[in-house]
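What follows is a set of structures to go through.
Shared chain: chain A. Partners: chain B in the first complex, chain C in the second.
Right after this comes the complex of A and B.
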């Protein structure tokens, strides 16, 4: 390395350093402009009392009807044969009702409505590469058609296996999941499923109030309910809450801890990228090694 | 003194029976790809709402990135630590990385439901997403790799621009542009070289972060908060074995003598790297006490054991042996085992370990998925062959014994 080159090298290293510093100053604000993820005190929720549900599946019909999906005739939903297999929400419907055996009274099966839980610390929001998911003030976790690239990482991330994908569409495949009737509630309407339910299985309200309601129910009817509100603490809490008479695991609820699903990965991400310091430090370190080993070779060469 | 090495274009003819077989497999893959683009991902894959990711992510992307680690590990060794004697392997490794990452990007696009929106991460940011970071790093790194490759292009064409017909009038101008480019690259190349290594460290580890958010869906044998570190360490240890394997294969294929002295020196670094990886892998297992799962006979426990024994322990032992490192065959087998181990590790992490809560059927790749994956591998090999024939990539002993300087590190 001659003098000229060495000066160039130093100049360039300094330039890189300054650029990097500039980047690091600008980047955090941008990076924090991650998707909207508000945890409002007043967020809404739904309390699902599975001991009340009669399995009429009207919520399935109403959900499709309100979301422009093929709903068909509401009478067809009385068909009980459908309960022979357990179904999952998919591109044909954002919610399904499944049947489970009732150990206490075999003639009265337990029915369980399934849809997105609208997590308070949603894995899908944290995971989505383009921030197509967002958690709204109302508590709803919704998906933005205009951003999604169809990578399906949200599906990998969701602890409840909720987002579904249009595997048979070559163009504009969508991610499908319950949107908590975002457009309806925005205009003061009830979620379609809540509105149609004939037996008040579903109670729509402020999440904090719903937890009180659920606690009172458990206190007043200890024989009827297990002392567990599913969703109160699971994966950091969910907007949809469940009461049941049978262990939640036997109702196919996944066994989940209290820690929010995105916790570990987010702290790792933020650790690696803390104001871009680790990458820049690595850059500087490698630059230093490169410079030193060059000079070492150079002086060895001269010594020969 | 050892004979100086000089990169040359390979002169053998392109088509051999092997090449024809590879071409057919590649075409078969393209046919299935066409079906995917006309009728959607579901038409050719076994993917479902339960198993949203298959081998196109687990092998083509995750393993693809890991196995392209030869690029940044040799760059770190040759350029940053300035170990001149490894220069002969830098260009082949750079070419593999460039092709490898190109195919990683293509595979991502193929797997994306909305492949035409692949650029969205450039404008819609989500700093919390490990996938976002992987995507950005890979995008920038591919660009860096292309820039690192440019000097080889300029070297190939400077003084040899020879366009036919009317275009021949442009020859002089193009030559001037190339020379200017070469000078510019010469001064700035180190910026890109260091950036390449930094970017690699970042996304190699973030690939490990990817599956952490899957939480309990992932088998505890693999699900650990140190996954990013394990991914990085395994990428470090698979870099040189990839270079060794390719170098020996290329020598065979082009009828050259394998550069055993360089390769065994490379090999001597693999042992320690593998050792560190193994230490962390086992340490993690003991700290989290996941060895209890190894006492049951399940797909997971079997796959984990194969991965560790065949993919890490045995090659580690081999690379520590002087005899093995001195023989091309020994080096070759040991390297292939390491590569197999890392490939299996990525498959395990992304596919075998993944069990969704409402699983009705386990995932196994469809004929279409396998065809596309194999097709891509074949295309990569064919392109490699094309490049080494048309560009000075592979070094052969320089009979004249002079001009060692011409390809000394750009930017130094």
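Right after this comes the complex of A and C.
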């Protein structure tokens, strides 16, 4: 794919800028970068039942395999030593499984798969200055690497710190993250990780159905699960939902409110320039200082 | 046309009756299994499998299949070879921990249900309330296996197709048990965290031999790890309630801690010291359940002989059994003429004979002392 050059970028920025200015002049409060128009009622999701996961890491292998990344030998993934350190998704793998201590039974650790949560109100979509990111009707948050200019704003904006960057590549580095197997699901297939999971830790289905499944599990097995579906309401809801037996903060989940992440960043960004008051105020302040110092110079001059 | 109609009605009625035949012996409310009022063969509206209740089919491990080949996924693109599953070995192990229903957690009336009857082969499916077939199989195996062997390597059960290897053939099993004989501990002394009554002495041999308990009376939900991975099991922190549960299932001690807890290890059970009723001669030879009719709940019995032996009379009791054949005169008397106290211990003679004492003078011929 061709990268856009500087000229194209400037063009698109100008277009975006002019459109944005026009829009904000017309209806400044309605602008919202999270695309509500594609938040389908039937959007798909995955319920991750962390009490079922056995830490076999086959999802890591399948993910790499289906994305044309170097996956290696499937039998190598049985190696347990890798759990000695906590890993994050990066340019070599879009999902990783980490191990946590199980307070209830030390011989059966808790395993936790980490990948993009595919937010319903994605901060990365909001932050992307070239519109490379988008939330699809299927629930997936994907990005167009032909538009990406490598600014890495998405990495800063993401409340889960998911997008990763090819720091090792000098030329045409890419942003990397889980794409919810957009190309596979488009063709009626399951996401690669869901398909391979031996114990069905990962249940793929309509997000609304999954919430019902999760609620029933909590109701039927109150000793097994905490009464919390992570992702149901966090940052406005996510496509990937988690059930756990241990507090989510202890599993390295960030403590997040119910408000969508773009709501925070957008209100700051937009607030600064609302009705052009802050720039006018700044100029007025500077003008005032100039005027005062000019008068002072004058009076000092008269004193001599 | 009319004939055709009659035949079809007959066929329909017969098939409806046939479909009901399995149900005739079931003493369950229809709503236990069916969610709608009028289930039909086409739409039985069966409820999601209840995990707690096994409805029919109980048999011994030897009546089940010896081994099974799990090859349900062969027709799909599968990375792995089928699994050779030693059913009998596993069903014997399950006897110590939950029985058949440990795996066959739901079985509608009739024959033994296959996993695939409830669990969908397709992972992309409408009903997400149950795991799909692949998930169900793996959970049944791995959930137990990982408790005693944290290794969840796939090749433990099935080989990679690309590796060219096939799963090991199952060795033919002998008719005898597969699990080697379990060596029972005689006595276990638990050191508790309490300052008062630090030790709990548990005589395992008494419970199995003397009190006549079966292994499965106490070892109900045993995991293989409780014997095979003792160190790991020690790290599992049980609540105070869980620790006491095994004992208080039978011993209703209420708040009497000293029943089990003591500052020193306790002596083996002795009927005389524990209950005040010393077992002698005949009673010593009996097993607990001969007198304490309710097994597992050996609550106190009345120590009066008549409470058990109330039906004894001159007519039905052969006094020879005591080692003394009564002479003709004494054999006529009712029991309580000589045994005036409420026990059948050796009586005095002074109620009738002022100058005679037992055993110097005997009311008959002695066989043994």
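As a working rule, the second predicted complex is superposed on the first by the 228 of 304 C-alpha atoms of A that agree within 3 Å, B and C clash if a C-alpha of one lies under 4 Å from a C-alpha of the other, contacts with A are read in each partner's own complex, and residues count from 1 in each chain.
Heads up, the rule we're going with is that a residue touches a chain if its C-beta (ideal position, glycine included) is under 8 Å from a C-beta of that chain, and two chains touch if they have at least 3 such contacts.
A quick note: this is a predicted structure, and the numbers were derived from the prediction, not measured.
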Which of chain B and chain C A:54 touches, first, second, both or neither: second
First (chain B), second (chain C), both or neither touched by A:67: neither
Chain B versus chain C as contact partner of A:199, first or second or both or neither: second
Partner touching more residues of chain A, whether chain B or chain C: B
Touching partner for A:190 - first (chain B), second (chain C), both, neither: second
First, second, both or neither for A:172, with chain B first and chain C second: first
Touched partner set for A:210, first chain B, second chain C, both or neither: second
First (chain B), second (chain C), both or neither touched by A:246: neither
Chain B versus chain C as contact partner of A:224, first or second or both or neither: neither
For the chain A and chain C complex, residues of the former touching the latter: 47, 52, 54-56, 58, 74-75, 78, 80, 104-108, 188, 190, 194-195, 197-200, 203-205, 209-210, 213, 216
Touching residues (chain side chain B, partner chain A) in the complex: 37-43, 45, 47-50, 52-53, 76, 79-82, 84, 108, 111-115, 117-118, 120-121, 124-133, 135, 187-188, 190-191, 193-195, 197-198, 201-202, 205-206, 209-217, 225, 228, 354, 356-358, 412
Chain A-touching residues of chain C, taken from the complex the two chains share: 79, 123-124, 128-129, 131-132, 134-136, 138-139, 142, 146-147, 150-155, 160, 225, 229, 232-233, 235-237
Residue ranges of chain A touching chain B (in the complex, touch as defined): 1, 5, 8-9, 12, 16, 30-35, 86, 88, 90, 123, 125-132, 147-153, 155-157, 159-161, 163-170, 172-173, 252, 254-256, 261-262, 264-266, 268-269, 272-273, 279, 282-283, 286-287, 289-290, 293-294, 296-297
